[in-house]
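What follows is a group of structures, each given as structure tokens.
Note that chain A is present in both complexes that follow, paired respectively with chain B and with chain C.
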Partner chain A sequence: MAAPLTLVLIVAVTIRAALFRSSLAELISERVEVVSPLNAWKRVVEGLALLDLGVSPYSGDVFHETPLIIYFFHFVIDYAEIVFMIADGITAVALYLAVQHYNKNVFRKQKYALEADRYPHDCLELMRTPKEMYYVPLKVAMFYLWNPFTILSCVAKSTCGLNNAVIALFILCTIKGSALLSAIFLALATYQSIYPLTLFAPALIYLLQRLYIPVNLRRPSFWLFTSQYAFMYFGSLAVIVCLSFFLLTSWDFIPSVYGFILSVPDLTPNIGLFWYFFAEMFEHFRLFFICVFQINVFFYSIPLSIKLKDHPVFLMFMQIAIISIFKSYPTVGDIALYMAFLPVWSHLYRFLRNIFLVCCVLLACSALFPVLWHLWIYAGSANSNFYYAITLLFNVAQILLVSDYFYAYLRREHHLSHGLYLKRKDGGEATLVLK
Partner chain B sequence: MAPRSSIAFLLAFAALCSLQLCEVSDDLDQTKSEPEPFTEPNQVPVDEKLEKPGEVPPIVSYSDPIEESHDDKQWQATEEEAIAKPEPDEEIAPLSTFKDDFKEELVLRPLHSGDIYASFQFRTLWDTDFLQGKRVSHYHLFPKSLGQVISKFSVRELHISFTQGYWRTMQWGQPYLPSPPGAELWVWFQDTVTDVDGAWKELTNVLSGIFCASLNFIDSTNTVHPSASFKPLGLGNVTDPRFLRYAMLPREIVCTENLTPWKKLLPCGTKAGLAVLMKSEKLFHSSFHSEAVHIRPVCQDVDCKAPSWELRQTLNVVFDVHTSGQGKKEWSLFKMFSRTLTEACPLASSSKVYVDVTDNPQGELFELLPASPLLTQAVVLGDRRTYSVYDLTNKDTFGSTRSLNLLVRWKADSGEMVRPLLHSERYVAGFGLQTGEIHTLIYNYHPYRAFPVLLLETVPWYLRLYIHTLTVTSKNKENKPSYIHYQPSKDRLRPHLLEMMVQLPPNSVTEVTVQFERALLKWTEYTPDPNHGFYVGSSVISALVPSMVAMDTNNTQEQPLFSSFFPCKEESSYFVRIYTEPLLVNLPTPDFSMPYNVICLTCTVVAVGYGSFYNLLTRTFQVEEPSPGLAKRLANVIRRWRGVPEL
Partner chain C sequence: MGLLSDPNRRRALTNLLTRLNTPICLVCYVAGLAWFMGLAFEPFTLRTYMSENAMGSTMVEERFPAGERALATGREFAAHKRKAGGMPVDWLVKTMQARGLEVYTQQFSRTLPFPDENTERYMVKGTNVYGILRAPRASRTEALVLTASCSEGNSNHQAVGLLLGLAQYFRNQVYWAKDIIFLVNEYDLIGMQAWLEGYHHTNITGMDYTPLQGRGGSIQAALSLELNSDVITSLDLVLEGLNGQLPNLDLANLFYAFCQKIDILCTIQGKLQRSDWDTPSGYTHAAQTMMLMVMKQASGRSWGDHGLFLRYHIEAATIKGINSFRQYKTDATTIGRLLEGMFRKLNNLLERLHQSYFFYLMPSLSHFVSIGYYMPAFGLLAVILLLKALDLWVQLGTPPPGTEDGVAGVEPASSPSVLSILTPLVISHMTGAALYTLPIRSQEMAVEHFPVSETEAVVLTAIAIYTAGLALPHNTHKFLVGEGTEKGWKVLKLVALLYLAVLLGCTALINFSLGFILAVTLVPIAAFVTPHLPKVVSTTIMVLLSPGFTLLYCVFVYQELQEAPVSLGEGWILYLSVISQGILDHSLYGSLVYPLLALFVYPCWLLFWNILFWK
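Right, the complex of A and B next:
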């Protein structure tokens, strides 16, 4: 399997290198869909320039990266293109290994369940086969590396690629069962953009499951491990934050990075829901709606963890997807990360209801973004509403996509416990409804 | 960043900057009480020995012996006088008797474009000391409204200007007192002030009331503390920029309602003296109009033991005589102001009208009526100028008609203007509403001397500057600024401040470019006419420009050899501050009619997400059973009520 992966990597790197050399790189790095005020490369360079001038990068409102990023690029600024290509490679390989491992687990569990005869007899066609699962890891790597969104993000040198790499490493460590490394990478991801905080729950559930500790609030073993993991997580977070403090000897980065993410002062258009909403918001409702919108991102983690407590990896996918839809400054790079997981759930295909429509909408929106942007900003023949309409549609499509996968997953689980061909009481063919 | 040598240079520069006002106007209004009295005597020998006594000797009048002690310094620029009148003991006498002193002046300069530049200066000097915290309750000539403001807010210096129109340096030369379009306010507070921002906020609101201007729009988003460009012009060596506040309102429109309160500050109002000329409908029917108030502490006497307060009110107007004169090149006081002068302000110790006749030594260019026997020479902005003087305190000036109506009739087209040595332009490049680039071009027309300039740019926060894109090029080569002070903006809190010192090579154009990104604002933050664009205030260029007089190589032959080997610093350069054009930048706008729609639509999308997840989270899959018919359900209700098993 290493050979095809290498091939995928080589092709991906070639595409990126070619684009970096072309005149498109400049154009792409200015696109608001690809870079946001949080992760634009231009702003990283600006932060470094400010440091060189002896001005704190956080004294202004242009630079919003974390201190570690600025110090990281302080050393590798000349090799930025390679760094971003490597980051994409790391993400892809990490996801590849993680999915490979996860599939092995899934298959083993399925084997045990089959041996214990826990599945209804008509569910055989829902069973996963090694043949089908064999290429899933490769597809994941391919979905990530060859996704135009990832390529754009990488060519624009958006630091989103680095965050994705950190999250991918976190997933890999979690799935491999290394609690410490998982906590460290989760802390890094949280440090970078707060929102991965919600990945704490799936990681914890997965690790508990691995250690055969039932999620039971009355068990001391559950609490012991939870506190262990939380300690590791918050400990490493504290270490990283303190390290940042000592790098700059000031706490300025806290309001400038996290305050900026949470209070959304920069209304530069992007593909998310925040910018136009808060540009048009009545001043006295602003705080209320900011709270509502930010709570909205974090809130889903509680009910989702309860509902999906037996399926932590799917929970992880859901959380990443929800973050990338509802976060304050989303870019296409965030979307690319959760889209890389779609091949993992390819066995749900038969239960998806509107995948065709959603795909069409996503494709059409991706094409319309630059068109309407041009009409608004350059041609002046359209106004902001046009671009806003497309962002709305794009988000609706994403929501439908994610909820469709969620629906399909739940439905498959239901069938696995109740049988595939359900009958009504009167013997007729039954239809499943949510009640 | 800045090496030690450049800091040392900055300090020297700052010291020279503080002299700018005296240098600019050293001929017009020379006081004995300048902060550094050594500078003027230095000027005298090098400059004025060049006079050829045989040719057109400057005739100096000492008609009024009572005022001599005040006047003699005005004439100190000529050496003859310095020799003729050694009177050190007389100088001190009048200062001890007068508490207030008021002088008024009008300078008329025919410009090469054919326009007329009229510059009024009114100076009130008051030997009192607000700095000591004494309560001053009796006011004589000094306006009480301003005196109270100074003492209440512990102001050390206050400079305010209101300008309508843009000064065209390339057509008109340098102005005596530069000012940017719109309103400009800069204040040095005393170092005893603890809450400078609070005092500044209150002060702007008070001044807004005094001058009927929108100075109350000055807040933290357009206030900066420049580190080097604005130094105190009066007494005092506090140069800590924490006590300096500088703000510009490029959008401010200046009109009669600003002029009226300004006129009320004059001791004679518009009843007598030069101020009778100030008729609003004429003053605002002009190409350029600028009124200013400068308050600063100056020395009382040579010893400088005690400070006195100087209030300088200036009004600069450029009249377009071509269009109003029906093509005839002729102007008079009456034509410009629809008034003539009949008397000096009785409260003024000096009241004079100067007409710049430098280009017209033999009367071949224009004819000036009535001719004045008095001439004076002075070095203004590095150039030696000759002026005809009309002393209004002298009854003979008004002649038999009891009124003075200066009239100039042009005989020939004006000759070549000496090109100003320093000139600048600014514009925004780029298209679309996403990004842009500010270009500032600074021209040095000096044929062989390079000199440094301090450039100050204040850019509002909604144009996000990227300092790493800053390039400074002259003659197609990178020109690294020797000093950069950059303060990045904070959204909705403070603007960008970029100050840098650039060395301008001789005879070159230096281009400073910096890229910016246009922010999308909240819909309530746009002005009522958002598609008109947003103003960016003028950038300020402060420089010590090599003097034209020093450039004049002919003089070397006339000078005594012993005086001319080493160039004298004060003589060889003079301070200039020039303001570039303000910029008008468009920002992307949201649709202002849509707030309800946007709130509804976005909330709908969030609700779609929330709803679909909620649905999946709270419900379970169930086999759909066909619902029983209505009759059966009704029957079941009744049976349940009766306690009978359901159907």
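Right, the complex of A and C next:
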């Protein structure tokens, strides 16, 4: 399997290298869909210039990267293009290995369950076959590397690619069962953009499951491991934050990175939901609605963790998707990360209900973003409402996509325990209705 | 969300849509066309009204007295122009200075990619002369522009004369709150392009020009003047700009309001307004006017010197004097008063024109159709593509109908290989790219080997590549892995349908007319093409509805609407010149119609062509 993966990587790198050399690169790096104030390369360069001049990069309101990123680029600024390509490669390989391992586990579990005769007999057609699962990891790598969104994001040198790499490494370490590394990478991801905090729950559940510790609040072993993992996580987070402090010897970065993410002062249009809403709102409601919007991102982790406590990897996918939809400065790079997981759930295809509609809407919206932007900003004939309408539609489609997968996953689980052909009490054919 | 989550209702709807697919599509198509034609019917349109407060209720007086003197200046200009054998730069500078303007000149030069046979231009070298009247009343942060072009041949002298006359008169008034720039541009659009790029410090098209020495504020509005006779019978308003962009409707309203006030006959598309909308001939007249606007907008050309201003977010229009055989004549003084009035109103503006519509069609000067009314016509056509796509999706997904959603969906037996879909996609796009790049690149080679001029070489190469693309299916077939399956063409058609829908949707948003015309011809073939049709008939229909033929029909229809019908031979010559103009417009001014057709629409059509020959 190494050869196809190498081929995929080579093709991906070639596309990126060609685009970096073309005149499109500059155009792409200006697109609001691809770069946000948080991760624009222009701003990184500005921060570096300030740093070289001996000024705090956070003075002024341009630079919002974390100190580690700026010191990282301090050394590799000349090789930035290669760094971004490598980051994409790392993400793809990490996801590839993670999914491979996960699929092995899934298949083993299914085998045990079959041997124990735990599935109803009419569910045989729901079983996953090795043939079908064989290419899934490769498809994941392909979905990530060849996704136009990833390519755009990489060519724009958006630091989103680096965040994705960290999250992918976190997923790999978690699935491989290394609690320490998983905690460290989760801390790094959180340090980069706060929101991955919500991935704590799925990682913990996965590691618990791996050690055969039931998720039971009355068991001491549960609490023991939870506190261990939390300690590792918060410990490494503290170390990283302190390291940043010592690098710059100031706490400036806290308000200007995390304050910036949480209080959303920059209302440049993007593909998210924040900008239009907060541009329209009266100032004295702002704080309240910021709280509401931000809680929105974190809130879903509670019900989802309860509902999906036996399926931590799917929970992880859901959380990443929710973050990329509801975060304050989303870009297409974030979307690419969760879309890479879609091949993993390809066995849910038969239960998906709106996939055609959603795909059409996502496609149409992606094409309409630049068109309406042109009409609004250059031609002056349309206005921000047109652009926001598309943003809204795009996000609705994403939400539908995610909830469709969620529903399909639950439904498959339901069928696996209750049989595929459900009967009503009176003997008629029953259908499942989601209300 | 009941429809999205309740399987029973969904199934009912899907069944309905798939069972009645073809009738619904036919109804949609007819309804779309009917809706479009209904737009010209006066009760369905809105009366124009002035939205901009600053231009609506304020009163201005027009007192421009010096029409005769302006015409004399025009004659003097003509004489100097003849003597100089081109733009009389020194004379213009001196005259403008004598009228108290700050005068500057700008040199520019541009080599066209191939000779333009309509205007006989190849290596263009010219000078723009402009004078700025500084605003005495306010802080000179905004400007208005009046332009008249000085092109080869003896035309537009009266416009330059009137421009100079107005400059002299405006100079003596104290109420100007905006700078007024009087521009005489050489080589009409090329000079205009050079001047605008110089003014805004951009260089999009690789023009050589000297930087501007003097500037006014940010330009709010511009009027371009075309006058070819001392007296006129009517004034024509030209709105269509580059890429089908239109100025704010308030500019048209302003023109109309002043024409009414000063009592000048005014037309749009050269068509007078008629009051008998309820008679068939009245309706036909309105429909003709609207169709002319649609044709002009779809061409993506700039139909007057104003067209390039729109790109810079400047509202602009061209006012054209027409002298026909009517009894009632208007003299230059009256036109001067009209322009004075319009400038005084524009001078009152507090912000850019933005109140009124930017997306509209005009069946007459006093009536318009806004985007909300005309978009459904396009939507009805576009929905056919989506319905067909849905139908195909359902066919691909669930072979045994009538089963419970999801559960009985049998695994697809063998999905067609990605390669068999990708190959036609890639090859047709490569043909498109060849169509886009080769004509200009290979002109020298073509001229060497064939007895044609450069322009003919470019056009004929384009047509040759276009025709060669039709040979495509026989060639792609060799690259396909294995035989094409029933499923294969369905997937390809699904992809092509969605592609066409997105493509037409985006086009219609930017340039409704172009999107609509393409939809009218492409949607029927996209909807009904399958490999199982009788070959000869369907091939003929496909070819007759291809984008190239659509352009040919447009040429004839346009001539017909202009009431200047042409014979087949003339039409063909015209067709060739339209193609060369399209390519030139793209490389000179950045018009997007040619790349759109070559890189996207034509490859998309080739996909359907490919499906027809699927084996």
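Here, the second predicted complex is superposed on the first by the 433 of 435 C-alpha atoms of A that agree within 3 Å, B and C clash if a C-alpha of one lies under 4 Å from a C-alpha of the other, contacts with A are read in each partner's own complex, and residues count from 1 in each chain.
What we mean here is this: a contact is a pair of C-beta atoms (placed from the backbone, for glycine too) under 8 Å apart; a residue touches a chain by one contact, two chains touch by 3 or more.
Small disclaimer: the values here were computed from a predicted structure and weren't measured.
Because the two structures share chain A, they can be overlaid on it, and in that overlay chain B and chain C fit beside each other without clashing.
Residue contacts after overlaying the shared chain place A:Y378 against chain B and chain C alike.
Within the superposed three-chain model, A:F406 lies in touch with chain B and out of touch with chain C [touch as defined at top].
When the two complexes are overlaid on their common chain A, residue A:A49 makes contact with chain B while staying clear of chain C.
Look at A:R219: by the touch rule set out above, it reaches neither chain B nor chain C. In the superposition on chain A, contact of A:R108 is made with neither chain B nor chain C. Aligning the two complexes via chain A yields an angle of 60° at the C-alpha centre of chain A, spanning the centres of chain B and chain C, rounded to a multiple of 10. Of the two partner chains, chain C is the only one touched by A:Y421; chain B is not. Once the two complexes are overlaid on the shared chain, A:C360 sits against chain C while remaining clear of chain B. In the overlay built on the shared chain, the residue A:T268 is in contact with chain B alone; chain C does not reach it.
After the two structures are overlaid on chain A, the closest C-alpha atoms of chain B and chain C sit 5 Å apart. Residues common to the contacts of chain A with chain B and with chain C across the two structures: 378, 400, 411, 431-435. On the side of chain A, the complex with chain C involves touching residues 125, 350-354, 356, 360, 363-364, 367-368, 371-372, 374-375, 378-382, 400, 411, 420-421, 429, 431-435. Chain B contributes residues 1, 431-435, 461, 464-468, 484, 486-492, 496, 517, 519-524, 588-591, 594-595, 598-599, 601-602, 605-606, 608-610, 612-613, 615-626 to its touches with chain A in the complex.
Those residues of chain C whose C-beta lies close enough to touch chain A in the complex are 4-8, 10, 245-246, 310-311, 313, 352, 354, 358-359, 386, 389-390, 393, 404-407, 409, 411, 498, 501-502, 505-506, 509-510. Taken together, the chain A residues at the contact with chain B in this complex read 30, 32, 42, 45-46, 48-50, 52-55, 59-62, 265-269, 273, 275-283, 293, 296, 300, 303-304, 307, 325-326, 376-378, 383-385, 388, 392, 395-396, 399-400, 403, 406-407, 410-411, 414, 418, 422-426, 430-435.
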